[in-house]
Structures are given as structure tokens and as C-alpha cells.
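Listed next: structures, encoded as C-alpha cells.
You will see subunit A twice below: alongside subunit B first, and alongside subunit C after that.
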Partner chain A sequence: MNTNLLVAALVNGLMLAAVYALVALGLTVVFGLLDIVNFAHGQMILIGAYLVVSLVAHSLNFWAALVVAVVVVALVGALLERVVFRPVESVPINGLLVSIGLIAIGQNVIRAVWGPNQQIVPPPVSVVWHVGGATVPMSRVVIVAGSVLVLGALSLFLYRTRAGKALRATAQNRDAAELVGIPVARVNNLAFAAGAGLAALAGGFLAMQFPVEPLLADSPLVMGFIVLILGGAGSPLGAVLGAMVIGLTESLCTALLSSEAAQIVPFVILALILFVRPEGIVRIGSDRWV
Partner chain B sequence: MGVAALRRAAGLGRLWPLALVGAAIAVVYTEDPVWITLATLAAIWTLWATSLNLIWGYSGQFSMAQTGLGMLSAYVAAILVHSYDTSAYAAILAGLGASVAASALIGLAALRLRGFYFAIMTLAFLLVLSAVLENLALAGRTTGIVVAYRLGSLSLGPITWDLDSRHGGFLVACWTVAAGVLALIGRLTRLRFGKLLIAIRDDPLLATSFGVDISAYKIGAFAMSAIIAGLAGILLSLYFRYITPSFFGFDTLINVIVLLVIGGTGRLVGPLVGAAVYVALIDYFRIGGDYRQGVFGAILILTVIFAPQGLVGLLAGLRSGRAGALRTAALKRFAGIYNR
Partner chain C sequence: MSIKDRQRSLWSALGAAAAVAISACGGGSSTTNSSGPAKTVTIGASVEATGGAAAIGTQWRDGVKLAVDRVNKDGGFTVNGQKYMLAADIQDSAADPQQAITIAQGFVQKSYPVVLGPGVSTVFTATFQSLKGSDVVVMSPAATVGQFLTTPDGKYLFHTHIADDGTTGRVYKMTKSIVAKYSPKSAAILLPQDPIGELYGAAYKQALQASGVTVAYDQRFPSAQRDFSSYLAAIKSANPDVIFLPYLDTWAVPFLTQAIQAGYTAPVFVGSPGTSSSTINGKTDQIKRFVWSVTTRAVDSTTDPQVQDFRAHYKAMFGNDPAPSAFWALSYYDEVLMLPKVFAAAGSVTDHKSITAAYEKVTQWNGKTLDLHFDSGRTAVYTPQLAFLENGIITYQDAK
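And now, the complex of A and B:
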């Protein structure tokens, strides 16, 4: 077994895991709190990526562009929650339907503004490490490191700040949270904005590695959902663990088997999980996933 | 029921689907290729939407597998004829059988799970099948496969009906199938099976307490919806005379979902109205030009927020006056039990 190939596959897998974790976390925050399956998450990933492309094309520094993209998409997310999702929050299936409508609108807008062709972001980090005989592109390490930082910050936020506690409280028991005076509507809005921001961040990282085109977010979104279910819908820790499983599996499959197999294996894992342990790796508690 | 009153007024009673076939024949006589094309597509969309309506509107289980199941049927039939020299109708039967088998598998695996998980499983089915077909040489990979069979002709006494004719034979064939399916489902909802499905949708707990095996009924409904989806897929493949996985992909699925919601879920004519609206707005009037997709999405959002019971539900409410308004309000509240 070629160790260089293995190292490359591992690094690639970690990068994929990082991106999937961001996507799945965005979905988890929205699904865990608002019970909304947001299929339009993919469009938000895409808009994040495209914004980075445009800003960088206008000579903005990549990292600044990333921050701007995240903030803009988060604001858009907050707006969408208020205008489109909140009126239908009493019937969860309607949230899913509405998100499908948003997909159609999003696809149209993206095609109209940025066109169907590929756009490439000049990589901000093109250094390559040589570890032993293997080549490790720094950009992948940066993505992983960046994601770890964001996850750490998110964890700090959730467990060390009042707003984070309010979020967790609302996720655990919405009515009780309202009873103790937590402004649930604002918390939900914040959560959706955070989810959108995470999507944009994932989009920005994807833009670093891949050419940006309308189909860019399709696979990460589907993988994000698989990770969501695998990890236990509603559990941030589960999302991270699940992302590592899926990301590494996909990368190792591509290296050891074929890219076709790598496409199908995550679905096999999904089917297995739904058969064996539908509540996912990290069980939340019976009132969460029912 | 407002719509039932309309039907009775039309004098046909339970035989109202015949009017659809009659309308199709009328379109044939206009000899306008645009109308013929649109009407044919409308029939196919009606079938897709009816398939979804059966499992979602009537049984309360949101599914995204319909286009995938149709794709399976179409491909099985096409491959059997193309590579294994099967006769047309045998291939069609095999295709429908494959669709039912797939639905049984998915159903057994996932119907006991809650709505969200089942929906993701069905979406996964569509994606996996697309991926497999795109990589399978037998299926022509991404360039697709030619549909080499035809429906043939039907001789009824002095009249010979060429079922494949682009001048109207195929149109009438499609609408006959659609009308037949609608009539069957209309019949079904009056039978015990249909009523139990609706009961399961509205209050699964109560249904279980009466000894109803929820999973069995849902699997049955899903299998039936698979047959209808298979019919839609096969007719679509016959229409284009070749198929690729992209014909059945996420975009088509979104269109089916949207047009069913606009028409009205849980109502027999919902798919019909939705298909008519879709074909009229998108293909005929071409509303919004390049922004058609976005406009359609916006219409969906507005419909879900302001009129979740769809156009048919709205009309039923208007027609019956206050009683309708009350029923609509009750339906809205019941909608909270959809899929939970």
C-alpha cells in the first residue's frame, strides 16, 4: 500500500470532513431548534461561494471576502427566517416545502447573476508541504484548521455565553424556554442566521478548493444530510463525528476503490444507519427525533 | 364536497374521468401541435402528481421517490427492449414490477421511521439510482438510452387507433391512462382501504388503537403510487423516445411537488389542476421568461403560506360558503397532524 497515497487520502478526507461538518452543523442548528429541514441550505452554500468569487474578483483579500460573505448570507438567512419560515413554523412539512421553493428561486438568481459557467478563485494559500514522500497541500490543512477554530468558537458560544445557553435551552424545550423569559422568536432567528453563516463558510472553503459552479453544492448538501442523520439529528457533536466518518470513508473509497464507489458508499452507510440505529451515533433523547 | 357537486352537475357522476378523455379527443381535432404537446405533458404531470398525492396527500407520508421510481420503470423497460429483445408490453409490465419491488423495499426499510427520515431515504433512492444509471454502460451512462418500443395500434371495430401518433393518438392514450388512474383512486377513497389511509394520515395513534396495521397500509399505498409513477415514467420515455437520468432528476421532482401543492394535496383533482396550471404558466405563457423557475418557486412559497390546501381546497371553500370556510379552517388545523 502506497503510504503517500494513503496520506493524501487522509488529508483529503479530513478536508471533506471539515466541510461536511460545517454543512451538517448549519443543518443541525436549524433542524434541532426550528424543526425545519432546510433544503435551501445548498443554495446558501453556493451564494457564499459565489460572493467570495465576486469579492475576490474585485480585489478584496480572500479572508476578508470570506468574512463579508458569511455576514451577508447570515443576514439573508435572518431575513428569510422572518419572512418565509416563521409564517409556516406550526406545520413542519410546510417548512420543507418552502425551502424547496427557495431552492428554485436561489438557482434562478444564481444563474442570472453569475451565469452557468465555472468561476475559479485564485487560491489564497498555495504552499505545499512535503512530509516524508507525501505532498500535503497547505490549503487543505488551512480548511481543516479553520473549521476546527470555528467549531471551537461555536462550542464556546453554546456553552459559555448567555445567548448560547438560551439557544440550547430553546432546543431542549421550547415552551419551558419561553416560560423563563427567553425570547424564542429572536433565538430562532439567530439560530437560522448562524446556520446560514455556517453554510456560507462551507461555501467559501469549497471555493478555495474547487471551481465554483451551480452544481458545486449538490454533493456537499446531500452528504450534509447524511451526516446529519448519521450523527443524530440535532446533535452538534454527532454532526462532527458523522462528518469525520463520511468524509474519511469517501476519501479512502476514492483512493482504494473508485470514485463511483465513493459516491454510493455514503448512501449504503445511510441505509445501514436507518436500519440499525435511526437516532444516529449520538442519541439526543426521545423527544428530539420523534 | 364542492367538487362533487360540480361533477354531479356535469351529469356524469362517477364517470367524470371520461370527460378528460373527451377533452383530449377534442384537442386532437384542433390539430394544433402546440396544444397537443402541452396536453400530453399535462397528462404525464398529472400522473406524477397523482402518484405523490396518493402517498402524501392521502397517506400523509411525504416522499421524494416518485421520479426515481418512474425512472426505474422507464429504464427497465427500455433496457429490456434494447438489449434483451423483449416485447413492448412485457417490458412495460416488467418496468412497473420493478418500480413496485423498489417501493416495497424502501417501504419496508423506512416507513416505520418518522416523516423526515423517510423523505431523506426516498431522496437517497433517487440519487443513488441516478448515480448507478449514470455509470452503467447498459443504460447508456449519461447519454442515455433509446426507447425502442412503441405502444402499437388498437383496433375497435372500424376505427384503428394509432397509439404512438404524434397527431393525437399518443395524447389520447396518455389521457386514457390518467383518467383511468384518477377514476381508480376516486373509487379507492370510497372503499375501506382509502378511508383507512386517510384515517392513518389524520390520526395514526387513533387508527392504531382500532387495530389498523399502519405500516401495511402505507406500504400498500406506496406500492400503488409506485405503479402510477412507473406509468408516468414510461409514458414520458415514450414521449421523448429516449431517456437520460436527468429527465427524472431533482428539477423534475421539484416541479411535481410544486404543482401538487398548488393544485391541492389530498384531493383527487388537485394533481389535475396543478398540472394544468403548471403547463399553462410555464410552457404556454412562459411567465417570467428566464426567471420562470424562480417565479414558480415564489408561487410555491406564497401558496404554502397563504393557501396550503391548494387551489382545489380554496375553490371548495369558496363554493360551499360558510360551511366550506369552516371546513377549510379545520383542515388547516388538521394539517398540523400531517407527517408527525
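And now, the complex of A and C:
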């Protein structure tokens, strides 16, 4: 076996996993708390990416543009929760249907504002490392580091802050949370905003690496949902572990076997893991947030 | 009658005579030397102006608009003494087969004599199958048109791009030209999992093997793929001299970006038919050798005499020079410009059989851009063009 090729596949797999983890974390925050499978998450990823493109085109520094995009999309998420999802929260399936409607709206808004053509953001970092025959662009290392930081920050938030504890309490038992005085509506709003912000962050990182165009988020979104299920819906740690399984599998199969294998094997692994552990890699008990 | 009255009468008569003379000479469709006012012939155009193929579909739309405008600016056309102007009913299918079927059936109900598109292969296939039994002239650049041309339902169908497959097709000729220029020993092929990817892949392999070039890597990827780092690692391991890239900028641009990031710029990179000079924008310092086949003809060239008329007309209508990717506008442009001569030769603006026969005969028309004619199999024939980028300089060469 070609060692360089194996190393390259492993490194690429980790970088793929980082993107999937970011996407899945956003889905996890919303699903874990609100029981809403938000198919419009892909549009939020895209809007985040396009906002970064526009802001950088207006001479804003990439990192500042990323922060602004995250904040703006988080606010959009908060508004959507208040205006669109909260009225239908009593029936979760309605939230799913509403999110599908938001996809159509998002697609048309994106096309109207930014058009169908690719838009490219000059990467903020262009250094390249060589690791045992594999070439590792610094921009991808940034994505991996960013995902790790986000996971750490999310864990700190959930377990070390009052707001995070309130969020976990609401996810465990909404009625009990209301009874003890937790402002459930505000917590829901915060969760949706956080999920949207994470989507924008994923979008910004994708913009750093790939040309931004209307279909950019399609593949990461599908993989994000797979990772969400595989990792244990509602578990941030599960999302990261699931992302690593899927990312590494996909990369190793592409490099060492074939493209077809890369599309089939992750689903086979998903099926096998769910057969053995139907709740996903990370078992979710009464405490959803592990 | 007094002298003054007679003078008044005389001036009135002269004035009336002048008015009659002026109106007899003047423009306006209602007073030309044809029988009655000009009528309008409407053609249908189903384009993918939104959706996954919007970057191409908008060019197709613009090409149709440009050509119709050109025909009408030339004064329309006359068939059997009746003057006509041309109009186009342009509808957006959003690359959705179901929408495209509805649009096509609408065109048939409105009895449009000629229908353009759909242009995307998967959309075309679904649409054309729903038009079985409809006597309408259909023109499309879709790569899958070829499989319908010889069927009974395809007797009024035209393929507006030159054939891609076979040993006389574009891909084969392009590959032979590249092999002749660079003498590669091995090649890699990376294309999407779709009918065009399969068609191009088969043609590349055929041409390469006929030239004694080893195909060291040959894979298809899902169309949503944007991260090619794992594919690049595998290709690099195979060490080819030439790499044949996917046919849209959607894939080719991230592939080249990631190749540059990986420091892998030594091979000759070949953009499959569908890519353009925009694929290599901003990368000419790092990618030393890039070749692409211009699907129609490079309309961004300021020196090619064949495209200058198109460029001037494009700028007059849209306010800017055509972008490199505007070569897609030529997929329908000449076919619409041909219509005045086609209708005149057919002696009809409605009879599909005579319109079809006329399209095969007409070889000259106003504003002709491609050296185009249709062969007896109703496939476009024109000289394919290759573009070579070497050390930052682009040159065009006809592929023979």
C-alpha cells in the first residue's frame, strides 16, 4: 500500500469530518431542543457563505466578515423561530414542513441577490504544510481547529453557564423547566439562533475552501443529517464522533477504493451501527445532552 | 373661384399628394409591400435559467433573445409574400423535468413551429419522451439528443452541438489534438456520474487507447461533490501526464483550486467540453498548462473574425462585452438566425416537414457566427475549437 496515499486520505478525512461536524452540531442544537428537523439549515449555511463573500468583496477582513455573518444569520434564526416555527411548535411535523417551505424561499432569495454563478473568496491563509507525503492547506487546519473550538465552546456553554443549563433542562423536560421558572420561549429562541449561527460558521468555512454557489451546501447537509443520526440525535459529542466515522470512511474509500465505494460504505456503516445501537454512537438517556 | 381659392386648392392637393407619397415610401409594418400588416411567428424556448444549470441556462436564454432581436432588427422576414416578425416565448424550467414537461406541452398546444430546449440532458430526456407523437421541430444541445435522432419520434429533432461521441466527434478529436501536442504516456479521467460524464469518459478512453496512452485513473464522482482532495491524492499517486477534468466550472474550479493547494500543478489539465477560460481565472500563475474545448466558439476573443458580429450585437443589447462563459449563447443563436431563410425555403412557417427539410439545406444567413450546417442526421456540424493556456497566454486552435 502506498503510505503517502494512506496518510493523505487520513488527513483529508479529518478535514471532511470537521465540516460535517460543524453542520451536524447546528442541526443537533435545533433538533435536540426543539425536536425540529430543520431542512432549511442548508440555506442558512449558504447565506452565511454568501454574506462572507459580499463582506470580503467590500474590503472587510475575512475573519471580521465571518463574525458578522454568524451574528446576522443567528439573528435571522432567532427571527425565524419567533415568527415561523413557534406558531407551529405544538405539532413537530409542521415545523419540518415549514422548513421545507423555507428552502424554496431561501433558494430564490439567494439567486435573486447573488445570482447563479460561482463566487470566490480569497483564502485568508494560504500556507501549505507537508505531512508524510500529504499536502495540508492551512485553511483546512483552520477548519479542523475551528470545529474543535466550537465543540469546546458549546460544551462549556451547556455545562458551565446558566443559559446552557437552562437549555439542557428545557431539552430534558419542557414542562418541568417552565415550572421552575425557566423562560422556555426565550431558551428556544436562543437555541435556534445558536443553530443558525453554527450553520453560518460552517458556511463561512466552506467559502474559505470552495467557490460559493447555490448547490454548495447540498452534500454537506446530507452528510450532516447522516452524522446527526449516526452520532445520536441530540448529542454534540455524538455529532463529532459520527462526523469522524463518515469523513474518514468517505476519504479512505475515495482514495483507496473507488468513488462508488465512498458513496455506499458510509451508508452501510450507518446501517450497521444503528442495527447494533439504534440510538446512535452516543447513547442518549434521560439526559439528552451527553 | 378666386385666385387665392385656386392657390389654396392647389397647395392642399400638393400636400395630400406629398402625404400619400411619404406614407407609401415610409417604414412601419403595416404599409410595406407585403400583403397586409406583419404577422408574428412565435417560437418556444425552454431554458434552465434557475436551478442547478442556471449559469448555462441564462446564457441560452440570452442567446435566444439576442437572435430574435437581430432577426427583427434586420426587418423580419417574408414568406410567400407575407411579412413576419419573430418572437420567442422563453420559459424557465429551473432544470426540473416535470416543469419542463409542462412547458413543452404548453408549447405544443400553442402550435409553435419550433421549440428550443431543454438543454440539460436529464431534463431533455424526460421532456422529449413526453412529446412523443407531437409534430414539432425541436432543437437542443443536450448530449442525450443523439439517442433519439434515429428513432421515429426524432424525425423533427435537431442536435445543435456537434456530436461528442464517436471517432468523428468533438471529444475524440480534442483528445487526439492534445496527444499530438503533449505526447503523454498516461492520463487520468475524473468526471461526474451522469450521462455526459459517461459519454465523455468513453470517448476519452477510446481516443487515448487508440493513441497508445495508458489510462492510469478513471473515476466518476457524485454531482454534489465539491471536495476533491481525496480524488487528487489518488490521481497524484497514479502520476498521469494529463488529467481530464469534469465539464462544468462548478467542479473544475474547486478541483484546480485544491490541486494548487496540494502543490500538484505539473500535469496538463484538460477541461472537458463545457469549461471555459473562466475556469482558470486567477490561477494562470500556478497552472502552467490548461486546455479546454470551446463547446461552440470562444466569444471573448477580440481577434477571431467569426465572433465579432456577435460581440458587437451582444454589447449593444446587454451593455457589456460577452464573458468567456457566454459561448453557451451560441447553442441556439445561429439556429434562430437561420429561421428567416429556413421559413422562406420551406415556404411555410407552420409545416414541420418542410421546416425540417429546409434546416438541412440552409447554409448561409445574416449574422452567421459558427461555420454551421446540419447533416442528414440533423446533427450540427461546425469546426470544434480548442483553447490552450500556456504560461499565461491563451491561443485558440481549430481541432481537426
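The criterion applied here is as follows: the second predicted complex is superposed on the first by the 275 of 290 C-alpha atoms of A that agree within 3 Å, B and C clash if a C-alpha of one lies under 4 Å from a C-alpha of the other, contacts with A are read in each partner's own complex, and residues count from 1 in each chain.
Methods note: a residue touches a chain if its C-beta (ideal position, glycine included) is under 8 Å from a C-beta of that chain, and two chains touch if they have at least 3 such contacts.
All figures in this text were calculated on a predicted structure; none of them were measured in a lab.
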Combined model on subunit A: subunit C and subunit B, fit or clash: clash
Touching partner for A:Asn2 - first (subunit B), second (subunit C), both, neither: second
Which superposed partner A:Thr135 touches (first subunit B, second subunit C, both, neither): second
Touching partner for A:Leu10 - first (subunit B), second (subunit C), both, neither: neither
Which superposed partner A:Gln263 touches (first subunit B, second subunit C, both, neither): both
Partner chain(s) touched by A:Ala169 [first = subunit B, second = subunit C, both, neither]: neither
Which of subunit B and subunit C A:Val222 touches, first, second, both or neither: both
Which superposed partner A:Val67 touches (first subunit B, second subunit C, both, neither): neither
Touching partner for A:Leu79 - first (subunit B), second (subunit C), both, neither: neither
Overlapping segment of subunit B (options 116-124, 152-160, 170-178 or 242-250) - the one that collides with subunit C in the superposed model: 242-250
Common interface residues of subunit A - those touching subunit B in one complex and subunit C in the other: 108, 222, 260, 263
Contact footprint of subunit C on subunit A as seen in their complex: 2, 4-5, 8-9, 12-13, 15-16, 19, 108, 111, 116-118, 120, 128, 134-135, 137, 139-140, 209-211, 213-216, 218-219, 222, 250-251, 254-256, 258-260, 262-263
Subunit B partner contacts - residues on subunit A that touch it in the complex: 37, 84, 87-88, 90-94, 96-98, 100-105, 107-109, 112, 222, 225-226, 229, 233, 260, 263-264, 267, 270-271, 274-275, 278, 289-290
Residues of subunit C that touch subunit A when the two form their complex: 50, 52, 54-55, 58, 193, 219-222, 224-227, 229-231, 233-234, 236-237, 249-250, 253-254, 257, 261-264, 282
Touching residues (chain side subunit B, partner subunit A) in the complex: 62, 109-110, 113-117, 119-121, 123-124, 127-128, 131-132, 135, 254, 257-258, 261, 290-294, 296-301, 304-305, 308, 335-336, 338-340
